[in-house]
Structure formats: structure tokens, C-alpha cells
Amino acid sequence: MHITEGVAPASVAAAGALLAAGGVALGLRAMKDEQIPRAALVASAIFVASLVIRLPLGPSSVHPVLNGLAGVLLGWAAMPAFLVALFLQALLFQFGGITTLGINTVTMGFPAVACYYLFSRRIRESKKGREAFLLGVAAGVTALTLSFVLWAGSLILSGKQLAIIVKLSLLPHLAIVTIEGIFTGFIVGFLARVYPKAFEMPHIIKTRSDP
Amino acid sequence: MSCTTHFSGHTVVHRLDPRPRVVATLVFAVLIALSGHYRVLCSGVAVGAFLAMLSKLPIRPLAKRLLRLNLFMVVLFLLIPTTSPGEPMFRLLSVPFSHDGVHLAAGITLKANAILLVFTSLLGTVELSSLGHAFHHLHMPAKLTHLFMFTLRYLDVLHHEYVTLLRTMKARAFRPAMSVHTYRTYGYLMGMLLVRSLVRSERIMAAMKCRGFRGEFHAYHHFHFHQRDAVFCLTSAIVLMLFAFVEWISGGVAR
Amino acid sequence: MNEKGNLLDIQGVSFRHTAQQPVLEDVNLTIRHGERVGLVGAIGSGKTTLLHMIVGLLKPNQGQVEILGQTRSSERDFWEVRERVGLLFQDPDDQLFCPTVQEDIAFGPLNQGKNREQTERAVRNALSLVGMEGYEDRITHHLSGGEKRLVSLATVLAMEPDVLLLDEPENGLDPVSHERIRSLLLSLPQAMIVVSHNVEFLASVTTRCLRVEDGKLKEIVV
Amino acid sequence: MNEKGNLLDIQGVSFRHTAQQPVLEDVNLTIRHGERVGLVGAIGSGKTTLLHMIVGLLKPNQGQVEILGQTRSSERDFWEVRERVGLLFQDPDDQLFCPTVQEDIAFGPLNQGKNREQTERAVRNALSLVGMEGYEDRITHHLSGGEKRLVSLATVLAMEPDVLLLDEPENGLDPVSHERIRSLLLSLPQAMIVVSHNVEFLASVTTRCLRVEDGKLKEIVV
């Protein structure tokens, strides 16, 4: 779910860059120096997964995005983490692009942060594996759906004619969101059972508004 | 196997200081993104192609990247002109291709190719860690630079762990299929990878503390600015100003 | 399975990682039913490489690999091999990836297409074989090093393999677990290849021994 | 530093991870200047725990830790310890977290407050100590296993520690790198504690040996 290089006109790209800069600044302020390795390692793991894991879907397969997971694990630090990951993706694999880096960071990062507020504490307090699994599904589905909305929005803002792409990708996205949800659910369920400390991490990204 | 390899080489481009390369790429990308005129966009592609040749980018990987990008552009060419309203420019198999649609798709294609070529030639040829150092010297926030460096440092380590885990799963007769069992298995695999990452991050923090880390990073790396870098700065400045000038005399930003 | 044929027949096999000198060069190895072969050699000499090649995780650059009576070359050929040849990895942390012991042991049988009931039985059997009854619901990540090794072995045994490939099964274990592994291996009926640095251990669990050196296999007496 | 006192004096120290049986129980250990102590024991027996306790990464549940002539308990107490006691981690990937070799080695000296020139000198010296001159600008994650181990050691040596704690310094190395580490350790003047599974290796680089078993330390002869 990237906006490809060249698609976004200056206005949309600039708006995206500004929003991303704000989010990243918040994320950086919340993250202390000694929390950098932890944030980086989670970002690395998610980056690797989104690159190499292929979840079978019919005759094809889909790559996971895992921004919901990034949100519940990293909180606001998900913003800089996605900026770094997306820059590397653009540089190494030509996904997305440099002028659309801002938009894409917003598209991936803001839903992640939303998931942090919506689910992180609930997952921490969940007692059973099943509950954590369901919350994980919810986080995966919510994040990717929000990302789709932001992606579609910025595409349509870039040109009304581009709406056709949104229309055509609606159905595939439904399938992708479903699989992403199940996948995120299993990961969150696993972490809740094996390493619940993983969800204590967002305390490191405490901003003043932290619940 | 590495997932963090850059286009290494020994050309003059590779020897340039990464800092001006970062700046030039950014300004170029912004100018091209802003532009609405074919002569600017086409010159942009030409500049990109020139830099790609100058930095001797390997043909195969570059072609693969260009192909992937332009496959999407083909889709745009088929979709947008046929679905947008307006004067048809031409008909193909009696399907009208609208004037506006063709121009939009053409503009996007030229922009994407120009930026890709310059981005890959100038930044894709920098060792990634030097890129991090360049960001640092260009006053990017220190925390962001360090996040970048740490992420980069452990990509291959984690990729290796992923491959190892997947291998042991294959040895136990695992074959991916569209099933809950497969999704669960990958979920556990990813969960395990995350647990290992989190535990490793604690060990890294411990190693840092052992070497006197008390919550503050000190920079060490530095660059040398050579004459060739001055030449590059001057040339890029002239070319970029020329772009801006042509754009301006062509009558503002039209799309 | 033809009980008279060879379990494993490797002829003229070479393997090299990209652009390096070969790890294995023109190696021959035949293993018959019921044989227990020890494998020694320095670190990086190619012992692990050999085991991985047998189950098709690595593909040789040259030579022929015949396993369970058939020549194997494509990924698909090895699907059957992996259901019948159990590989114990060097580091149990690489082998255990499920939240609980039970799920981890069930993974292999489920991949073999066993149903729920058969799988449950396989889990129970495997755990009792390694003497770890009652560990079903333990979190694998929290087990001690020795326990992890035994559970890893259980994950392999649960698939009821005809051949076992064991990569340093006793390495780093405390004396008690060490002895437990030793007597367990002696009690198992399968043919096996055991990699170890501990020559004493090999002498007690295997019937013959090979040394990997300079890419070659040599029969040795221990 | 008082050359006559003990470098390290641990008395009645116990350590347990949350709600488990203790890893170390009522352990005593004294190390004098110039001593080289080997530490053996099964996986998970508490060898690494002991090293981490000495530099304050883990805090004992009971007992007293005296290092370099002073009792240490708070995080602040250990700041000085960490500048003078160098710990080599088991996995060099944990220790080499900077992009280039040079930056990694400079990390410690810079934290010690050395200026640029002193740091450059420390980097050069450390690299020449481990025989890796010319590696300054190499990318750490592209190094081989043996090179990583040597560079890790250089990062520790660059801080000019009085004591070295080495956690399996030779583990997983090919015979050539193994020998290089061995002779390097023999040439270093520091007191050291060396953890290893390789008794032969320990016998050749240390002056006495201890075994960790059931939470206790026992003097052994190798």
C-alpha cells in the first residue's frame, strides 16, 4: 500500500511530508536514547518480515504489513521506525519513493499509533491467550483498514482520475486485511503467552497524553 | 545472503562525498515532482540516465527495478486515460484514450523514472552506513540517525535468524498452504523472531552500558570534502537552477 | 521400504558456498538399515552441511543423493525425505518456535497430515520417550538448555522417522542430561548419524565413525 | 589501584530469576591481580550470570560484591567498574552495534571522555593488539565470525581494562581463529575470567579452573 514515486502532486506530497515530520518529531521526543536499540530491533524484525514472509492466498501470496503490531509494540516510536523502514524500502527495493516518503510514513505510521492507543493497554491486561489473539486480530484489521483509507484518500487527492485504482483494489484489500488480521492475532497471542514484557515497551514512549 | 547491499563500485560517483549527494537528490526530486512540463521532465530522465551510466549501475538489477516501476505505469496508461472523461486523444480497439488521462499518466511515468534513476545513481551507490553518517552531518535529529543505524545493523542478523528458523520448520515437513495452520506457523515464527529481537536488544543495551554508555551518544565519524565534491556541488547547482528556470519561463506549474 | 537396500547412498557429492573453496568435495557415504554412524571434524569442516544436504535444505553442486531407495534432487523429492528422516539441529533455540511444548511437538505430526487424535498420541509418546511427561503446557522459551534439547529431540521423534540425523545432541549439557541423552539414543531402534566433538560419547552410541577433513570423509577408529 | 588487594571478592552471593530456583546460591569467589581463572559448567548453569553480576548488569539477591577494593551495589557504583572491567559477550553481534569497526572500537573510549586524538590512538592500538590493522573502515556486519570475535575483543581492550571477563571467546571459531584467540589471550597482561566448554582451551590460557554446578563453584583440576 504505497504511493509510488511521481504519483502525488506537490501539494499532496508536501502535506504528507509535513504531517509525517510532526509525527516523527513526537515519536523521537518520546523515545529516549537508551530505548533506541529496542525500537530499532523491533523495526528491523518487522521490516524483514514484511519483506520475506509470504502468506499464501489462493494461487498467490501476500506480504504482511504489520503496522498494527508495530503500533502496539512501539507506540509513537512507530512513526520514526516507519520513516526509516520506508526510506530503506525505497532505496533498496524501489517500493514507494522519495517524494512520497512523507505520505507513506503517514499512511503506515498514524494507524500504528492509533492501534497503540486502542489496543496496547488492553493486550497488556488481557489474561488469556485467546483474548490477546482477538485483540491482535483487531489491531491488524484496524491498522490496515485505516492505512487503506489514508492511501485511498491521498490517491484521490492526487487526482480524481486515480480513483479507479482505489475501486479496483478494494476487493483484494479485503482479503489482505483479513489475512493480516489473523497473522497479527497469532503474533500477539504468541507474545502475550511467551514474552508479555513485549507489551510493556510502550511505557518507553510515554508522551504526556499517555493513558 | 544480505538484504542491505548497495551498488558498490569505484566510479567517480562512488567517490563523491555523500552529503552533497543527499542534498542534490532531494532538491532534484522536489523540482521534478513540482514540474509540469515535458521538457523539464524529459531532461530529468536524461540527467538520471547520464548519472546511471556515470556510476556504472549494474544493468540487470537496474533493469529489474525499472521494469517493476514501469509495469505499474503500464497499468496507469491503460486505466486512467480510458476511464477519465474528456476529449479523446486516440482510440485503441475503439476504446477512447482521453487527452488529460494520457498526459497525467505520461507525467507520472517521466517523474517516477527520472527520480528513480537519480535516487539510485546518487544514493543507491553509497554504503548505507555512510548514508547514516551523511544524515548526521546534515543535522538530521541524532535519535533518528541512530535509529537508522541500529535498524540497518541488525537487518541481516535478523534475516539470518528468520532463515534459520524457517529451515528448521522445513526440516519438519512444513509446506506453506492457504490454511490456518500455515498462518499460525508463520505467526509463531514471527513471534519468536520478535522475542529474540527484544532479548537481543537488551543484550545490546547491556553491552553498551559495559562500554560506558550512560544515555548519550558521541559522534566519531567524519568526512573529507575534496575538490571533486566542489565540482559536483557546482555542477548540480547549475543543472538544478537551469531546471527551475526552464520551468519558470515555461509558465508556472501546470498539470 | 525395502529393508535390504541402503537407507542412504551419497555418491561423488560436492558442495560449496558461493565463490568459496568447497566445503565438501567428491564425498561418498553409504548407510544401511540399523547403522549408527558417528561424524567428527573441526568446526566449519562440513558436518552440518552434510546433514542439511541429506534432508535437502542445501543442494549439492555435484553428485548424486539417494535416500530411502530413490534419487532425490528437486525440492519436491525431499518432501517425503523430511517426513521420514528426522534432523535435530545444533541449537535447540532454532528448533523450538511454538509457544508451548505440546504445540511444538505437534507441529511435525500435523505437517504429516495426522489428525487430532493421532497427533495427541504422538505428542504423549514422544514426551515419554525422552522422559519429559507432564511438560505439555510449559512455555518452550522458558525451559532450561537441557530441557530444550530433550524437547527438540521429542519434536523429531514425534514424526516417527526411520533415520535420525543428530547435530551435537550432547553439547553443553550437564552430566545428568548428558547421560540421559546417551541412554536414550542407545535405546532407539533407528539408524542414525550423530555429529559430535566428544569422541567418547560417539564411541558409546555409534557403531562406526567418520572424520570430515578437507572436504573428504575418512573412516576412523575410536 | 592497590596492587596488593583483591581485584574481586564475592561473598555469599545468590541470584535467582523471578520465582525460579536459584541460578547461583551462596557463591564465594576471590580473584587476585594477575590471576587467570577458567570457568566451566553446563548450559544455563550460571557462568554468564556470574560475569554479568560482576559488571552490575544483574544484581544479586543476596551477598556482597567487592570489586577493585570497593563494595559495589548501586548502578552508579558500577560505572567505574565497567570502565575498568572489560566484558566480552558470547555473541559478537551483541557487542558490535556500530556500523564500522572504527566507530565500534571508539564507542568505549568516547564514553570514557577521551578526546578525538586519544580515541584515534586507542582505536589504532586496540586493532594492532588483536592483529587487525587496516580494518578501521570495514562494515562490522560483513565481517566473518572470527573477525567479529577479534574486533569485539578490540572494543573491550580499547578501554584499557584491568580485568577481562571473556564469555566463550573461542566458541564456534574455526581452528585458525581459535589458535589466534588463544595466543592473543596468552599475550595479554590482564587478570581474566574465561568461560568455556572447551577444557583443553581453558587449561592452556588460565592458571586455575572452577566448575559451576548446582549453583555452586567448585575448584577443579584440568
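Order of writing sets the chain letters: A, B, C and D. Residues in each chain are counted from 1.
Keep this in mind: contacts are C-beta pairs under 8 Å (C-beta built on N, C-alpha and C of every residue); 3 or more make two chains touch, one makes a residue touch a chain.
Source: prediction; values computed, not measured.
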item	value
Length of the shortest touching-chain route, subunit A through to subunit D	2
Superposing rotation of subunit C relative to subunit D, computed on C-alpha atoms, to nearest 5°	175
Computed distance of Cα centres, subunit D from subunit C, in Å	34
Computed distance of Cα centres, subunit B from subunit A, in Å	19
Centroid distance [mean C-alpha coordinates] between subunit C and subunit B, Å	43
Distance from subunit D to subunit B - Cα centre to Cα centre, in angstrom	41
Residues of subunit B whose C-beta touches two or more other chains	4, 128, 149-150, 152-154, 157, 188-189, 191-192, 195, 200, 204, 208, 213
Subunit C, residues touching no fewer than two other chains	99, 141
Contacts with two or more other chains, residues of subunit A listed in rising order	37, 189-190, 194-195
Sites on subunit A touched by subunit B in the complex	4-10, 13, 24-25, 28, 31-34, 36-45, 47-49, 51-58, 64, 66, 73, 80-81, 83-85, 87-88, 90-92, 94, 97-99, 159-162, 164-165, 168, 179, 182-187, 189-191, 194-195, 197-198, 201
Residues of subunit C touching subunit B in the complex	52, 55, 57, 79, 82-83, 87, 89, 93-95, 97-99, 103, 107-108, 110-112, 141, 155-156, 159
Complex contact set, residues of subunit C against subunit A	99-100, 139-142
Residues of subunit C defined as touching subunit D within the complex	42-44, 144-146, 171-175, 177
Sites on subunit A touched by subunit C in the complex	129, 189-190, 193-195
